[in-house]
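What follows is subunit A paired twice: with subunit B in the first complex and subunit C in the second.
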Partner chain A sequence: MSPAPLALIGFAAAAWLAIGAAGLIRPRSLRAVRTLFSLGSVLGVAIAVVACVALAGSPESAVLPLGLPDLPFHLRVDALSAFFLLLLGSATAAISLFSAGYFRSGSGTAPGLICFQYHAFVAAMVLVLIADDAYVFMVAWETMALASYFLVTTDHRIPEIRRAGFLYLLIAHVGAIAILLCFGVLQGGHGDYTFAAMRSITLPGWWGSAAFFLALTGFGAKAGVLPLHVWLPEAHPAAPSPVSALMSGVMLKTAIYGLLRVTFDLLGAQLWWWGAIALALGLVSALFGVIFAAAQTDMKRLLAYSSIENIGILVAAMGLVILFKTNAKPLLAAIALAALLYHALNHAMFKSLLFLATGSVLHATKERSLGKLGGLIHRMPWVAWLALAGTLASAGLPPLNGFVSEWLLLQAFLFTPTLPQSFINMLVPLAAAALVLAVALAGYVMVKFYGVIFLGRPREPSLAYAQDAGGFERAGLVALAAACVLLGIFPATVLAAIDHVTSLLVGSQASGGDTSWLLLAPLGAERSSYSPLIVLGAIVGAVLITIQLVHRMWHGRVRRAPAWDCGFPLQTPRMQDTAEGFGQPIRQVFEPFFRIERHLPSPFDAKPRYSVVASDHWWHWLYLPIARAAEAVARLFGLIQRGRISVYLTYSFVTLLALLLFVL
Partner chain B sequence: MQALPLSSQLINLFASVLLLLAFAMLAQRRVVSLIGLFATQGLVLSLSTAVVAWSTSQPHLYESAGLTLLLKVIVLPWLLYRLVRKLDVRWEFEGLINIPTTMLIGIVLVVFSFNLALPISQLASTVTRSTLGIAMASVMLSFLMMITRRKAIPQVIGFLAMENGLFFAATSATYGMPMVVELGIALDVLVGMLILGVFFFQIREQFDSLDLKHLEKLKEGE
Partner chain C sequence: MTITGLFSQLLQVVVALALAPLLIGWVNQCRAWLSNRRAPPITLPYRTIRKLFTKDAVVADNASPIFRITPYVVFGAMCCAAAIVPSLATTLPFASAADAIALVGLFALARVFIALAAMDIGTSFGSLGARREMFIGFLAEPALLMVLFTASLISGSTSLATIVDTLAHRELGIYPSLAFAGVAFTMVSLAENARIPIDNPATHLELTMIHEAMVLEYSARHLALLEWASWLKLFNYSCIGLALFVPFGIASGTGWTELLAAAPALIGKLAIGGALLALIETLSAKLRVFRAPEFLGTAFMLAVLAMLVNLLLGS
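On to the complex of A and B.
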């Protein structure tokens, strides 16, 4: 290949920026914005293709003459960056296509400005992935945070949305400080902030652990790991749906990328107990996320909590990778890492798909609350059937992609008893059980999500006028649904690509040298194997046989009757099972996880209202005390605020005199 | 004790004039005269920089002397004068502290800065070393002037005079800052002046006065 992948990716990022800038020329013109988003989508495909090439190629680096004097931008593409670029390019391509039909002129930010912020956001993410020194990384990271902040606050006239945006920005900055400190530790006092220099030094003593935990905090804040997850359920519903898709599908993965980059690339050696802590944190996040998802009544909040769950699974997988790697089991480490990367890719696809589907539903019905939706499969068949693919994938059902990665991860879990740390060995079955519980509950959550929105009967009369999604939106959804299916059916091909990353990071290959594209058997076919094509064949066969049987035995008379009429002549759509009702068992079983405020009507109330708010303990345990403490300190400082310039000047004058006196 | 060379004598003379001017500004109540004193201070500063440039043959100091002349003797006083005429605030009746007390505090500050500068001057080898104390004293005096004045324009003049003192400190301690820094500071002062000019109009429009006590209302509520 004559043109280097790195240069092509750099050009693509620059072209994204140019597209964004072009959006500013006529910010209110929908036609222009539509064209620009379609162009952006083509660039996304281009990046994905180039990343595929770069994945197999050797690492390549470049120095850009940009940046400050004596501090140029270092860029580098290796297999790890290439894999995440592939994820970014493909997900962005579909989301951009959807966005071309989604953004309209409203009361919020003008479409052209959104176009600019959107493309600055994706370009900054590309730069994060190809950065090769801490300086570029932080610049790109902060650009990403700011661009996404402005995207989240698109409808900035609504106070809750401004509040959500502020919370997001706050936690993003807490995370950024931790990352900055992490790089400060990683450079080891040499003052050289290039990643190459960080790779070459080994940190003495506890400094390595300090760097790892700073990275876990910083990137965890961006990814939504407990207890820094609170921004996710606020920001995702606030943002326009394509932005939620981009943030959940792609931006959270850049945090996972950063964590992998620091842990396995920049830190030369890992310690096994880091893995144990990451594993525990990940599992707790996963369980917490899924349990809260089950209790939600807002469809985008539900998906946001589900993202916390998936990020938890990814972090748990990373913990497992560290455990295996430090105990010299490269094959198992490679399987866990492959499961991690595979799941990241899958999550990018199905979560983007689901968020975009909620966007279409939102546009058609102006309704986000699950309690007011229902029966949309008749009104919006395209969105409903495509969302079904995402729902099944998210629930982890074969033959879709979610199953493959979760299966791989469980394979890795099942082989942990070979570890030398005996108490880890004892706890690991528990961890595996927790993972399975989280995955099963995710299935429950997805049934709720899909069933309440698309099935049953419309709960509001206005839903009868819902329109199906337009051409661009359909195209974006079809692309993502196709990705979910293909990633599920050809896992061996994907694993072969992931092998480049695993051999870079843990020095082994997950596919175990088995190159059969039909059968997935990382540990040898005699121990366990999975062939999605056979499963697919079985499913299709079973469906066909059932259809045949039904047709044979069916009497042929069509009778139309009201659905769900179980002997009650008077019934309304309100009598259907609601989102609250469906989530009730979970809320009961996991009562201690929630902080529930229930409002029950009195028997004599003429207009009875029932409300239940399940909020987050962490908010009350961690965030409110910090906020109160900050306020108290601020009030102390308020005492010296006199409102008079001469008093302020006297403060600085006295400080100056004191400093001069003490220093000299 | 041997006689100092002519250049050193000149620099010492300018330094003492600078200090006197700082005291004069501290005592002056009329705004227009204050601007005149500020312009004179700029002129003295520019001359002393030129003398340092001549005696040490450092060509870049000539440039900064020219810059000082242009900016602090011509442009800024003219801007200030125009502002005063437009806003019609020629007089300032009272400061926060009366003038004699201010002068006494000023003397204490001068003693303090001389005392502070003594060990540094003994270490330095530049021809201008003896003037460091004066430079610091004029910074302090300008600061004091900012604190004691009540109206906005004298405060800004105090701020600009403080910058003069800093500039003098830089020339006397190290033969001037690098050209980039100097240009940057000059630009900062100019832009700051323009922005403050806009603020004056805004403040007066809001409160019908340039008295800064009105800004106390902007304090966060109890």
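On to the complex of A and C.
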């Protein structure tokens, strides 16, 4: 008999911890760290393989005699956990491989310590995915938050980075409190915090809704759903790139996992209007994220806002699943859920790829600002060409992976008008419109990202000395780019794996209809079909035939000459579009979304300067008022805190007297 | 997939490739007549392509491979699109490989590549054109999708073949949702094909050009392919419009006789459509770039309205 998947996964998590601990032995030795990260990468592959086995197997649980005396660890792996373990394993394998070449000794945390934090972070995420009671879940969740906090503040000598880390920790804890309360509601007064017990109770209406919204708040804070998204654009630029990749690619997905676990497994998705609210919230997040991404000038902030967009799409898809499930349309629910899981997997691959590419660019140029990059395709061809795969995938273009999940989601949207709630039916066209607008804008954002960094002419002279990524970094990027392509052209295989999850959560399969390995047609070929392999073959075939024909019938002569540019004689790299310039039309069209502070030079300025700062309304609408209120309350408390011992003694005395009076 | 099916498929692509320059020549001829000028010969586009192919390609010193591969990718994507769009027949083998959403995806792929190539040289005009093209695209693409969704809701399918079959075999009458969608589609097509009022195909005036700004650095065979691809795009859009709103005369089989019978109908419809396009272009003035969002926003809203009307009235 082969060993059980759950045990193997547990061992792998423990092995990750051990690898991390081994990093502490010689924290400044780069060779040791390089070996350890490579080992961690192998473990990632192992987890992915085991998860594939577990995906098809039946649920399996175990009780470990760890923790407090009366609270043993309950662990369980079912299809849902296995799918996210697959995502975690495969993304982590590539990111670890990249990290092996990435971390070098600098002014911040020692590489060995980073290695420990990194592996503790990954092991905690595994534990989150296999937890089967609220206690283990919260322990793992908090370990994950703390480990990632330390990773974000790797360069802790820089004040902005400490500030970003604090903001992240703060919102992570607000979220954790909401999740804790959610589990408190879910146990329904029985005091049994295992998931099995929660599953068996049906909560009365309002308590169920309370649990759902607490979960949406708590997991939404981790995932970056509006309005709890503010930490993402701060923490991602602060963190080292592999950490950003891990957080954006994998950690945000654990939040989605938690949301799915609570909503569908523990609560059983009871009321249709939960879905309507999740749908609206998700679409607002998606639009907001992508509009802000278009206006960014820091490459990692741009990607962070793009993550908000993708998380928004995932939450909207979840809303759609709830709508379908509560209205007893299992097939459509399965398609929407498959779109959600597929998109989560795709986003893990292409966003990790893009974040890692920014890491290589950062190493080569020491620049994060888009305004100081450009033309890197000549200096860093490996990174540039591999990033192109991620860019096209992220822009949702066929035949890459981003398009498949969007295609599935649009299919689910299109066949919504069969719902009994006429109100929802009316709103669905608007929701579909918002979704396609977000997807189209993502194309804009990605052209900006890629064009400004890799194309054009270098905007700074120092870029001429940029070096391409090293062997480990290349290997990590190649793995992720290959995943983007393969996930794009073999959707039926991926859907077959996802089917195990959809039959568990909504009781139907998404790869029905006329789907074969070549053709994706979940609702039958009459209704809709898409075959990425044929499309890819047709495009490649057409390109090759055209090249051959043109060269055979005429010639293939090429002459090199200076750029023409309509005959203008003086051209400097400064005359290209900057990141601000490229995003300017979006800023103008969507002006109400931004809070814009403009500084215009006056005619009398000796040194005229023009600056525009586009910031987030939510800071001013939500966060600053809360901060001010907290300060005002603190000041009130300050009135009774005089700092003199006699005053405090008086307080104690009065309290005692009051208590005595109360007792007597 | 039968051999005849494959041949019909190839035939449709070849017909599209051959007719696309003729369509643009016809539109230019009509435009010249409408503005009281002497018209260029209708075969001028063919001669332009042949001339360009014989020349030596001049490529900027700092061009990357993206710049050189883009004309082929754009041309290839447009050929694929020509295979999907039901211009001659609906039941072609390639139709099941890509539906309406994938078709919009193919157009987006071509757009992204051409914008990247425009940014590649690093000239001021190139990036300006790329920015404007993506700006137009992000509004036009959703509007086009919404138009196609309206048609999909009527036919319960996103496969173009099924859509056209359903629309062609309905009772003749005025459908309000299709009327809205038709207006929206016309507006989107004007914007996507760089026609007046969004862009002027006949200008090289720095402040107004969009498509021309992106292809400024191209020459010879690269330029020929890009121009041919843009004509093919106009042809594809026209065929989508004809298939959705005038879906008559399209063959539903793949036999040679059926295809031969469908060809005159297609050419006749294209001739009328091209003349109408020239009329619209002659009657309207070019908008400032920043008025484009209003124009396309209107198209988008009309398309959403079409979908809503379809849901509310069921027609």
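By definition in this document, the second predicted complex is superposed on the first by the 627 of 664 C-alpha atoms of A that agree within 3 Å, B and C clash if a C-alpha of one lies under 4 Å from a C-alpha of the other, contacts with A are read in each partner's own complex, and residues count from 1 in each chain.
Following the convention adopted for this analysis, a residue touches a chain if its C-beta (ideal position, glycine included) is under 8 Å from a C-beta of that chain, and two chains touch if they have at least 3 such contacts.
Given the structure is predicted, the values throughout are model-derived calculations rather than measurements.
K.L.:
Does subunit C touch more residues of subunit A than subunit B does, or is it the other way round?
P.N.:
Looking at subunit A, the partner in contact with more of its residues is C.
K.L.:
May I ask you to decide whether A:638 touches subunit B, subunit C, both, or neither, giving the answer as first, second, both or neither?
P.N.:
Once the two structures are laid over each other on A, A:638 reaches subunit B alone.
K.L.:
Could you tell me if A:657 is touching subunit B, subunit C, both of them or neither one (first, second, both, neither)?
P.N.:
It touches subunit B, and subunit C stays clear.
K.L.:
I'd like to know which partner A:429 touches here: subunit B for first, subunit C for second, both or neither.
P.N.:
second
K.L.:
Could you look at A:561 and tell me whether it touches subunit B, subunit C, both or neither (first, second, both, neither)?
P.N.:
Second partner only, subunit C.
K.L.:
Touch check for A:649: first (subunit B), second (subunit C), both, or neither?
P.N.:
A:649: touches subunit B, not subunit C.
K.L.:
Which of the two partners, first being subunit B and second being subunit C, lies in contact with A:377: first, second, both, or neither?
P.N.:
Once the two structures are laid over each other on A, A:377 reaches subunit C alone.
K.L.:
On the A-aligned overlay, A:398 touches which partner chain: subunit B = first, subunit C = second, or both, or neither?
P.N.:
After superposition on chain A, A:398 lies in contact with subunit C alone.
K.L.:
Where on subunit A do the contacts from subunit B and from subunit C line up?
P.N.:
Comparing the two interfaces on subunit A, one with subunit B and one with subunit C, no residues are shared.
K.L.:
In the complex, go through subunit A and note every residue touching subunit B.
P.N.:
638, 641-646, 649-650, 653, 656-657, 660-661, 664
K.L.:
Show me the residue ranges of subunit B that touch subunit A in the complex, using the header's touch definition.
P.N.:
96, 112, 116, 119-120, 143-144, 146-150, 155, 212-213, 215-220
K.L.:
Which bits of subunit A are touching subunit C when the two form their complex?
P.N.:
Touching subunit C: residues 374-375, 377-378, 388, 392, 395-398, 403, 407, 410-411, 414-415, 417, 425-426, 429-430, 432-433, 436-437, 439-441, 443-444, 446-448, 450-452, 455-457, 519, 521, 525-531, 534-535, 538-543, 546-547, 550, 553-555, 557-566, 568, 571, 573, 575-577, 581-582, 584-586, 588-589 of subunit A.
K.L.:
Of all residues in subunit C, which touch subunit A in the complex?
P.N.:
53-54, 56-62, 64, 66, 68-69, 72-73, 75-77, 79-80, 83, 94, 96-99, 101-102, 105-106, 108-109, 111-112, 115-116, 119-128, 130-132, 134-135, 137-139, 141-142, 145-146, 149, 152-153, 156-159, 162, 204, 206, 216-217, 221, 225, 290, 293, 300, 303-304, 307-308, 311-312
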